[in-house]
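Naming follows writing order (A, B, C and D), and every chain is counted from residue 1.
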Amino acid sequence: MKKVLIIGAGTAGLSAASSLSERGISSVLIERSAILGGMATEFGCKGIRECVRCDACLARDKVNEVKRSELVERIKGANISKLSGKPGDYRITLSGLSLEGGKRQVRAGAIICAFGYEPFDAKLDHRLGYGLVGDVISSIDVERQLKATGRIVVPSTGNNPASVAFIQCVGSRDKRFKQELCSRACCKSAFKTSQFLKKQDPETMITFHYMDWRLNDPRENVRQWASGQNGVELLRSRPAEVFSGEDHRPTIRFAAEGDAQVNEKGYDLIVLSVGIAPSSETSRLAQVLGTEVDRYGFLRTIPGDACVSTRAGIFLAGCCSGPKDLVESAKDGAVAAHKAFQFLEAGL
Amino acid sequence: MTDETSIGVLICSWAGGKDGAFDLQALKDHAARSPLVTFVAIVDRICSSSGQSEAVELLKRHKVDRFVVAACSPGSKEPLYRRISSLAGLHPLGFESANLREQCAYVHDSPHAAEKAKVLIDMAIAKADLWVPPPYEDELPVTRRAAIIGDGLAAGIAAYELAMQGIDVDLIMRSEGFEWPADYLFENRVAQHRAEQTMMALAIHPRVNLVQAAEVVGFDGVPGSFGLMVERYGDILPIKCGAVVLAPHLEVKFKVLRGTQVGALLSSDLQDGKRVVILPGATGSGVGCNCVSARAVRFAQTVKERSRDSQVMLMGREMRALGSCESIYEEAQRQGIIFTRIEQVPVLEGESPCTLKVMDASLGELAVKADTVVMETSDAPQLPSLSRLFGVPMDQKGDFLTLETRLRSTETMQRGVFACRVRMGNMMAEDLMLEAKSAASFAAELLTKGTMEVGGAVAEVEPEKCSACLACVRICPYGAPVIGEAGKAQIVMQKCQGCGICVGLCPSKAIAMYGSSDAQLRAQASVALQGVR
Amino acid sequence: MIIGEQKPFKELCALLDGHKEILVAGCRSCVAICLAGGEKEVGVVAESLRLYSDLNGKEWRVDEVTVERQCEKEFVLDLIERTKGKDAVLSLACGVGAQSVQSLYPGIRVLPGLNTSNMGAPEEQGVFVEKCGGCGDCVLHLTGGICPIVRCAKSLLNGPCGGSQNGKCEISPDVPCAWDQIYHSLERLGRLDLLEELIPPKNWLPSRSGGPRKIVRPEAVLTPVEKELRGAKE
Amino acid sequence: MRIIGYICDHAAYSAADLAGQSGLRYSSDVVLIRLPCAGRLDIIQVLKAFRDGADAVFVAGCLEKNCHHVYGNIEARKRMEQAKGILDAIGLNGKRLEMFNLASNQDFKFKEIVDMMVKRVEELGRNPLAVRA
């Protein structure tokens, strides 16, 4: 049965589909929502004239690539409800309102899970004031603003912010919320967003409250960039609280490294860089598919065997198996496709 | 109009969108008035299977040699139009499209849309009239063999992945044997074990031909059938392949600045030098800032585990442990490994034991006593020579420059040549392995298919006009133009990716392009501007 | 090769004022390579002139052509049809080309579209640097293959002047000192001893001061008999 | 009014398609011509379009450093800068020609570009050659 079922049409799933179709293998791409592209379709380009490699546009390029392929059947508004059969000949029951009679059976030799992640819900960390204090928004809100309008503004005024603070590692490296891992993509996203802000208005003052700089691309250097800009401040601190200051601006209470004082500082806009949390579908799908979940709540990969799950014929790509950025997800998708192909061809 | 051309026009019944932004019949009548057109037809949903057969049938019946398809965007439908063209017995690229949906019906209000649709269809007809059949080979055979170049883990993994897919592999190594995965620092120990097993399996895999103690000295041929010249014990060995994977070995070394040698450091009976400080490499490690890498943490852990009463300290500005490497960092903290955040490169005073003068980020100036000081370094010595030989440029930090813009991050500007970048993510062995698998996967795509598409919208030199000025040779991102034996430029079709940069640049107007010739672009603009002046 | 650059567009328009039937003529040789007068530049200039004429009611009719080498009679003679009815040829070749067109078409005014600058080489795509002064008395064998006549601002023949600073010429920090380069070149060649050889005051007679230069290669020149046997070509 | 937009087959074409799919509206006076890459375009084409009466011409390519063909967009920009100089010298305002860079997911930016060029023609007035006819 030389057909692969791919769960999720985000960057990883699309990349897997396009890679399989290059090898002449047909696939069925299942997407829960009504559009292809996944989370990245909500991300905005952070370049003005020059690209800053935020990779947000690449998901759209992948959608185009998959739409061109005649070997990829795309089913939107559907989900997996049951799995039977055996590795090499799985039978999958799909359900969804878009399907005739709400159900459909698909046969596939292998399955690639690429159902992605959910951004950490910043409301869970009450102290940071998300949803409570005005002009405190999440990095996902910033992305949506950028995608829709090409600008980043203060929600309450609609103007360019004169000062912006980024609070990093919201829902990352944090045991309180069972989010122990580094989310891998948020340093990059905050860095690129601030590059955009500086291009949008060079007068914008930017402050980062961060723990460690961890850009995926070791060639990039935030410190070097910051030292070449006016008004970019890097504070190693984990803010204690965000509240509405006397001037009604969002204000951060924090202690910075090398400074025993507790400080309070107000900004026009505070961006919470939210981490990558396991999709709420993870445990249900793990149960349906018979694969394991690791202690961080992501699907488990076999160590040293990227993209291979604990069950034969089921492969993992993208953030469903742990935090990744867009480029890594795409790379993962191609490798998962490769593994699925090997499995179908040689029964590995 | 040239005498031989005959153009058919197919208008999709949905071209005006679901609401029908314009009257298709009026559009049809308009197109039919063009003297260039043999027939015009409205096809019921051209992308449906019945629509496709109807289109093929119409093209055959009217015996046209090219057609215009007025429908939705060729961005997603081009492969479909190609198939219609092929099935009708025409050149697979023998059509022009008028994007009546995305560029007209969806973006303009009704009366304007109807007028604009006429313009778009006229432009497509004018362009189709000037279409010249390009050289095109849909399925040019590719030598189904891969050459992997490099000594280390990445090369081994890439070779294994391809071999397991049934592809014959030549693994060309400088060394006499493998650099075993024991040299590498893994995030996960099970992974290390598996990698070791893979490397052992590789050595006896029937599809893997190990070419040891060898150096690649020459690279020629064209994408699809490359030729490598490999020097081995003074002999030159030719190797043919359809894909090349460049996977140079990344040497990670902990260079001793003071005290015990690294070997002794890792032995279980560390007598002296119990106070160990590990510094990030100031240069050469590839890390943008002075970061403590996950690799250095792994190294620190090994020292600590071998000699439990040693005091191990890692110094650096940041702790770089992306994703799941966070757990290594935590584990190390539990083991009592000390992390010191320093602002500047420390000053070393005295021999072993020595004093490190450091500027701690929170505590200010500190003097740290140490018996042993090591510095993390990494280097990929083979990378520059591979870069030169294969024409894959290097970036400023000494890694391969790949086509990141296409989300296929191990593809290079040289078609059929794939490169593993050595410094990605955490730069742990796992990252290297993923990079190798990705490169192998793209190479496998090409080799599994066994054929490649060549030609189509490519550039071509008119030799009698060429001044051999080298402008095209210097500008082409893909290295397609060369000065041929006749002393004139010629474009290697297999390498040309059809960007047309050389066409726009050539000072002698000696380069023409199929699919977007000067005449075609000119005709489109003229039609669009008809009646304006 | 010969390096030239286009005159500013306004100057071209001024040159052509009063003419009606214009032929823009390019050359596929040196000036094409230095991106000043190849077929593409001819196209750009011709189209710009047409646009200018249309906008300003000049009623110019601009035709365009590019020949293999405008300095060669045989190629220029091919223009005979294209020059018919023209009252001006705007030559985008070097001064040599422009003159050969004028000599073959004495009834048409030939206007120079380029300023012919020097003899040089492309340093990189789009950058052309003067390399040879055409002095007629070459000393490159003594100077490590670097011409002191054009590459030294003062054309000094026996070492640098006091203005040589850290390998740069005093006229500009972007200009390398030729004598510094000569020294290093000879050092690489292991022939620093050549610096001791005094280059005597130069004989400028073979240079421009002796009037237009002419080089005759007797073995290549057709003898009167040969010319007679080939028959009259002109 | 007639504006010609030369758009590259990658980011620009894709953004234009997305603009259509998102239902953004722009002036039907703008006609798009697809190029394999912005780097394909040369100055002569642009000059000829103006001579045919185009009120404005724009070129849209991928963002710099994100060109599908590595640096075709930068080549295009250099050429368009040169062309703007020529237009100024001719007496046809160089502002009638503009080069833009955008990403494939920027449908709104594509509309902004088109709207901006339309507005520019309104400010500068029509191409004198077009009006004369």
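Everything that follows uses one rule, which is that contacts are C-beta pairs under 8 Å (C-beta built on N, C-alpha and C of every residue); 3 or more make two chains touch, one makes a residue touch a chain.
Everything quoted here is computed from the prediction, not taken from an experiment.
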Message: Comparing the two chain pairs, does A-D have more C-beta contacts than C-D, or is it the other way round?
response: A-D
Message: With centres defined as the mean C-alpha position, give me the chain A-chain D separation in Å.
response: 34
Field: Separation of chain A from chain B, taking each centre as the mean of its C-alpha atoms, in whole Å
entry: 22
- line: Distance between the CA centroids of chain B and chain C (whole Å) is 44
- prompt: Of all the residues in chain A, which ones touch at least 2 other chains?
  reply: 51, 53, 61, 64
Task: Would you pick out the residues of chain B that each touch at least 2 other chains?
output: 75-76, 405-406, 475
- prompt: What are the residue numbers in chain D that touch two or more other chains?
  reply: 14, 42, 44, 48, 51, 62, 66, 129
- prompt: Could you list each pair of chains that touch, in label order?
  reply: A-B, A-D, B-C, B-D, C-D
Query: Which residues of chain D touch chain B in their complex?
result: 2, 4, 13-14, 16-17, 19-21, 23-28, 31-33, 35-37, 39-42, 44-45, 48-49, 51-54, 62, 66-72, 75-76, 79, 129-130, 132-133
Task: Could you please specify the touching residues of chain A with respect to chain D in the complex?
output: 41, 43-45, 47, 49-51, 53, 56-57, 59-61, 64, 147-150
Task: Sort out for me which residues of chain D touch chain A in the complex.
output: 10-11, 14, 18, 62-66, 101-106, 108-109, 112
Query: Which residues of chain D touch chain C in their complex?
result: 42-44, 47-48, 50-51, 86, 89-92, 128-129
Task: Quick one: which bits of chain B touch chain C in the complex? Just the residue numbers, please.
output: 465, 467, 469-471, 474-475, 506-510
